[in-house]
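You will see chain A twice below: alongside chain B first, and alongside chain C after that.
This part shows the complex of A and B:
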């Protein structure tokens, strides 16, 4: 008797391999980068991965048969008795274990989602004034081209502001790892690298500094941020100079639509 | 070859300026003025803009005295490798996660920013401040490190009690019996040897041996290898002492990523006392304490660094045990306490903060709540005078400027603390529910409850807003595991087995009929 076409287990093997690779991908941030994806999300992703693989692999009758034939053969073919018995014992145990892992009480801290760079408001209040964030500029920035000596001085003054007020958390190296950083959650923002303040306009940075944690919108969990409300401690000029310093020290430039346009014009 | 060796040695020692690993003073100045001036100052005197906010203060390079080095006690200059390690840091320092620099200071490890050449250049420049040359004596030999054995620890313990306990305390927690200052006039405290991550460069046996052998220049920590000292120890004795000190580490005090305190359910009455054996059932979670630097008056020089918390509950009440190392028992008016404190002595204290309402999503501001989300604070303080008794208060706060006191007896809140050998232990206890659910947190099983802490060391001039604190963490009253947790897996397993059986039987039937037809 000729075996059914699909008894070749290649197709089923492919399915298992694809699902396994998906699992490894979802797990790897946790294994290699110490940033695990929460278990409940992995379950959801795996569900979609299995459904997607099934949809693709059962798109034609032929491929459907190819996928399920080995399973069918396992049950129906008397020559596979030993494997079948093994599978029949293992399957209920695996099912029971998965169920147990799903319903056993978990004691991991709840996952709290939080926006790191929330959308800024159009206007903000500080120093008994109202600032329009769309047009707000650093008053010392123009010195960079107009009077480099004075600019250098302003940066240095900003450095002194930073090292008397900010570096305890944001760090000696501006890497967000100051000597008190470990006590806070969220951790203080690093300024090194091209993916933090380089992506922000100076007006955004001014907003974040002067109104601090309590000035954050709800999606950024203002109740957790340890950022002080700096307009109660520092003058406007001190804040702007500290901003100059954090860009200068990290070799970053603020994001600016205006300068991009003026460069084109000039 | 033999003839040349002494000649070579002579050449090397006679030419200190060229043997220093290629560091350029000029290039070092550039790096120093960008990276180091903020703490160490333009003239190297340790007086940069940040210096007055730091404890310990930044090194003053003009004196040419380095507290940490591996060259012998009678050699002033650290080795090139010492400078590299001080500047670049090393993961072996085993400090707070992400920190590779000098533990317990604000000097980070610079290896991600400075190259070996940069570090050598900076070394050349900072040595120039005190005109330091090349060390004439090599680093002490740590190649003979013994294995840590029970006998070695026993021998080390005897040496410790004899030589070290005087300053480091009987249990090695550095609890103060003396007022110590370094040569620059800054207050110093003996290391708490039970906190391995707080040692400047880690608690490896070799590094401890180096410290014992070299001492800490500029401080009261002497070299125990100095033949002129009546405290001198033999080489073996110093290794034994190092092995013993290394064994004092209490890893449970080091905070981990876990932020959940698991309160265990127990039957019967909850413990009232701090030394009740019932606490052994509680699992301990430790958290970092950092100074309050958010609102006036800000605090920059803390003395307390961690708090360890355990909790138990029964059907009526919850009890929390707070444990933290504090080198000083702060008793205002007490002559000894005043002498050690170096200033005014206030009471010690600890506080636990809870959100008043356990609504999903939004928490109160972690610094004493906000107008929309008030908090309850349970506040314990040590006695304000001998025999005056400890106090417990209940605060309702809507921000740090808006706190009202309420009678703790009205909700049955109790707290009591015991100070022993450098550690405070405080038990707080309250009923799970109160009459007024509007005003008080109501505890229930299986819920993640936000919890935050604050602590005060009165001998460190901590009072009011000057204190150390944590951010929000969680407390979970862990319910007893329900039997359904075991029933459902069995049911699922049986269902799968049943389906398999039916499938197999129908397949066999089909095959049998198929064969019958043939």
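This part shows the complex of A and C:
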């Protein structure tokens, strides 16, 4: 085999540089755009970046030797006694500092693992009726293909419902940034983007709007949602029309398994 | 006093059932036997319908409505954990003993076709490991059946009523499986040549047919509990056994388990080969077990490649069957277990690739390709990070404030399936690239059109990646669910096209190729063998975790929406509790597997004859003690 760069002690330096670059990349959205990648995720990202760098650098014998030769020399070479002692003092101190920073008590509220989209029940009760969520459909959705003019009208009426009731929290752009949004924890959900309501069937949205925060199932702890129980304020038709509006405005289509209900271009 | 009596009665019943399940398990599962139970007893605690009415009104009674008292408590054992452990251990061993004969059959056939006895020897060694595990599988299967009948008698009575015919068939097939497996193993050397070899291969085929049918039958019971069919809302059987077998999730799980078993089986025998490689004392043994490990890894990776697609189909069908189960699975309570699953799958890919990269050390010509490893690794890691990026993040308050919501503006789109599908397809393509480079590491193509062939392969790779990215981005983010889910099919097709096209080109391009030097079997670095261990441990853990998720998305139902679980254990575990129980089961399984490895190795050891009196004990002609 061709003699590669195996005995090159710069391998270890490369390893450090690669890990450092990975760290900078993961931190940069937070540093430069104030959109930090959460620390919990950075830890996972960094773990696998380090593992992958180690795997690549130990995939050949020469490379492995190059990577570990400086460490071996540091431990075994008598001429490196001063550096060795310095490393043996500094490394545990750094480790201790990191550990301390990880576990020291703080004043921040603890992190919460919240199920933003909790599983819906099979049936729900509202408007003195029982709805089967597995089969429930938006009664106005069929107008989209059967009578587009009436559909537009229903969407418009849904918009009026939204702006009279929902926009204070969910925002005029439906981005979850309404006037009152910052006063709540959890924050009101955004409807914009392809990763929000496009993932959900309309029956799910109907359930969430109708029963609000108090209707959340057990798994959606800590049940702090300020979402009102809208079925006590709005009629059934108003809720369905508001749903039509939020999908239409955000150019999303509800999750559906029937091609006829789908529009291909958003 | 009453509770004491009840406990005594329960313990007595437990002993009785144990004896029955061990001695007459097949008969116990038979409908005829279960019919001898009083329906009134089956419906003890039913408050909705009179038990007497069942006998008079129904040919097939509805599912019982149970109360917490209907679940026996035996010596304070947590019935859920006990059954879970037994089921999980049984499933691991069963997956292993069903999968190994599949690839043993293929390896034996390859050995016959190529007339290379090394294949035959390796196939025999694989089946030997499997045979040792077979008795453990049966034992734990008995324990599982016993514990189910003891802890969940009413559920099992209901299931037996529905599936009695298939349970009888299962028992008969189990005997057929045992018979064919023993004939296949013990007849290996007696049927080594000529027509006998064909007969032996046919027995192997029969063994696999029986084994696969067994699994399909058991899958019907499991999937019926998730997506019941052939019964009405009250659980009343319509009288057609095919309807209950052929439920909504039966075929998706049949495919998923079939493929996953092969990958799992390959990884376990790979770990066995690694164990033997690391403990080998001679170069010939090291070379043999290196080759065995390579083959096992190849089997595991070959089955791993289509596995995400089978899993995706199963998940899509679960979602299509029930929005509630679908959201519980991926958006609700189990979403973070899915992230854990994604991390383990990433570990699988990394360890499989690492083994291939280290394997290049066997080839004197590998230096031409090792420089590409870092690029392959970079792509795989980027895809891997996308693969496990969650949609709902764990945020500190200041992070939540900075982001202005639970979703990250940049990472949010990576948290949903189109991004995951795109990432996993590219990850598969680059894993295949590692394999392709490994294959050609020691060869030089001599055909005149080799540059053209390489260009064609590069074009296929580039075209497929572009297509996968386009499908993932356009259909994933700019159309709705119907097209989004459907686009995963052409994505998979692109990946499979790369694999098929490049293998065909490679086959012709390297026909009669020149070797750079002699391949050094046994020359692989020892650290690579730990990748094989990691592969086996990751598969085991993954199966345990996903098994828990699949079963638990029914939540408080024994049979989803038909028969409610009223036991005190009918609650969803926290992520940590579930992970700990799965990990404990995985550790028990791995300990048992190590014992099986040791047993298999022991069977090939021979004690030397005692030295004759007066001979030189310090310098024996043959080494003393156990070799």
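We take it that the second predicted complex is superposed on the first by the 163 of 266 C-alpha atoms of A that agree within 3 Å, B and C clash if a C-alpha of one lies under 4 Å from a C-alpha of the other, contacts with A are read in each partner's own complex, and residues count from 1 in each chain.
The working rule: a contact is a pair of C-beta atoms (placed from the backbone, for glycine too) under 8 Å apart; a residue touches a chain by one contact, two chains touch by 3 or more.
None of these values were measured; they are calculated from a predicted model.
Asks: Could you say whether A:253 touches chain B, chain C, both of them, or neither, answering first, second, both or neither?
Replies: second
Asks: Once chain A of both complexes is superposed, is A:177 in touch with chain B (first), chain C (second), both, or neither?
Replies: So A:177 meets both chain B and chain C here.
Asks: If you stack the two complexes on chain A, which partner ends up touching A:19: first (chain B), second (chain C), both, or neither?
Replies: A:19: touches no partner chain.
Asks: Give one of first, second, both or neither to describe whether A:38 is in contact with chain B, with chain C, with both, or with none.
Replies: Touch partner of A:38: chain C, not chain B.
Asks: Examine A:118 and indicate which partner it touches, taking first as chain B and second as chain C; both and neither are also allowed.
Replies: second
Asks: Report the partner of chain A that touches more of its residues: chain B or chain C.
Replies: Counting contacted residues of chain A, the larger count belongs to C.
Asks: A:46 contacts which: chain B (first), chain C (second), both, neither?
Replies: So A:46 meets neither chain B nor chain C here.
Asks: Can A:109 be said to touch chain B (first), chain C (second), both, or neither?
Replies: both
Asks: Which parts of chain A are in contact with chain B and also with chain C?
Replies: Comparing the two interfaces on chain A, one with chain B and one with chain C, the shared residues are 108-109, 177, 181, 185.
Asks: Can you name the residues of chain A that touch chain B in the complex?
Replies: Those in contact with chain B are residues 75-76, 78, 84, 88, 91-93, 95-97, 99-100, 103-105, 107-110, 159-160, 162-164, 167-169, 171-173, 175, 177-185, 213-214, 218, 221-224, 226, 228, 232-233, 249.
Asks: Contact residues on chain C for chain A in the complex?
Replies: Interface residues on the chain C side: 320, 322-325, 327-328, 331-333, 335-336, 343, 346, 350, 353-354, 357-358, 360-361, 364, 366-367, 370, 373-374, 377-378, 380-381, 384-385, 388-400, 402-413, 415-416, 476-483, 525, 527, 561, 572, 575.
Asks: Along chain B, where are the residues that touch chain A in the complex?
Replies: Spelled out, the residues of chain B in touch with chain A are 34, 38-39, 48-50, 53, 96-99, 105-108, 110, 112-113, 255, 258-260, 262, 287-291, 293-296, 300, 362-367, 370, 373, 446, 448, 469-472, 474, 476, 478-479, 481, 484-486, 488-490, 492-497, 500, 503-504, 507, 510-511.
Asks: Under the touch definition given earlier, write down the residues of chain A that touch chain C in their complex.
Replies: Per the stated touch rule, the residues are 1-2, 4, 29-30, 34-41, 44-45, 48-49, 51-52, 55-56, 58-61, 64, 108-109, 111-122, 133-134, 176-177, 181, 185-187, 189-190, 193-196, 198-199, 201, 203-204, 219, 252-259, 261-266.
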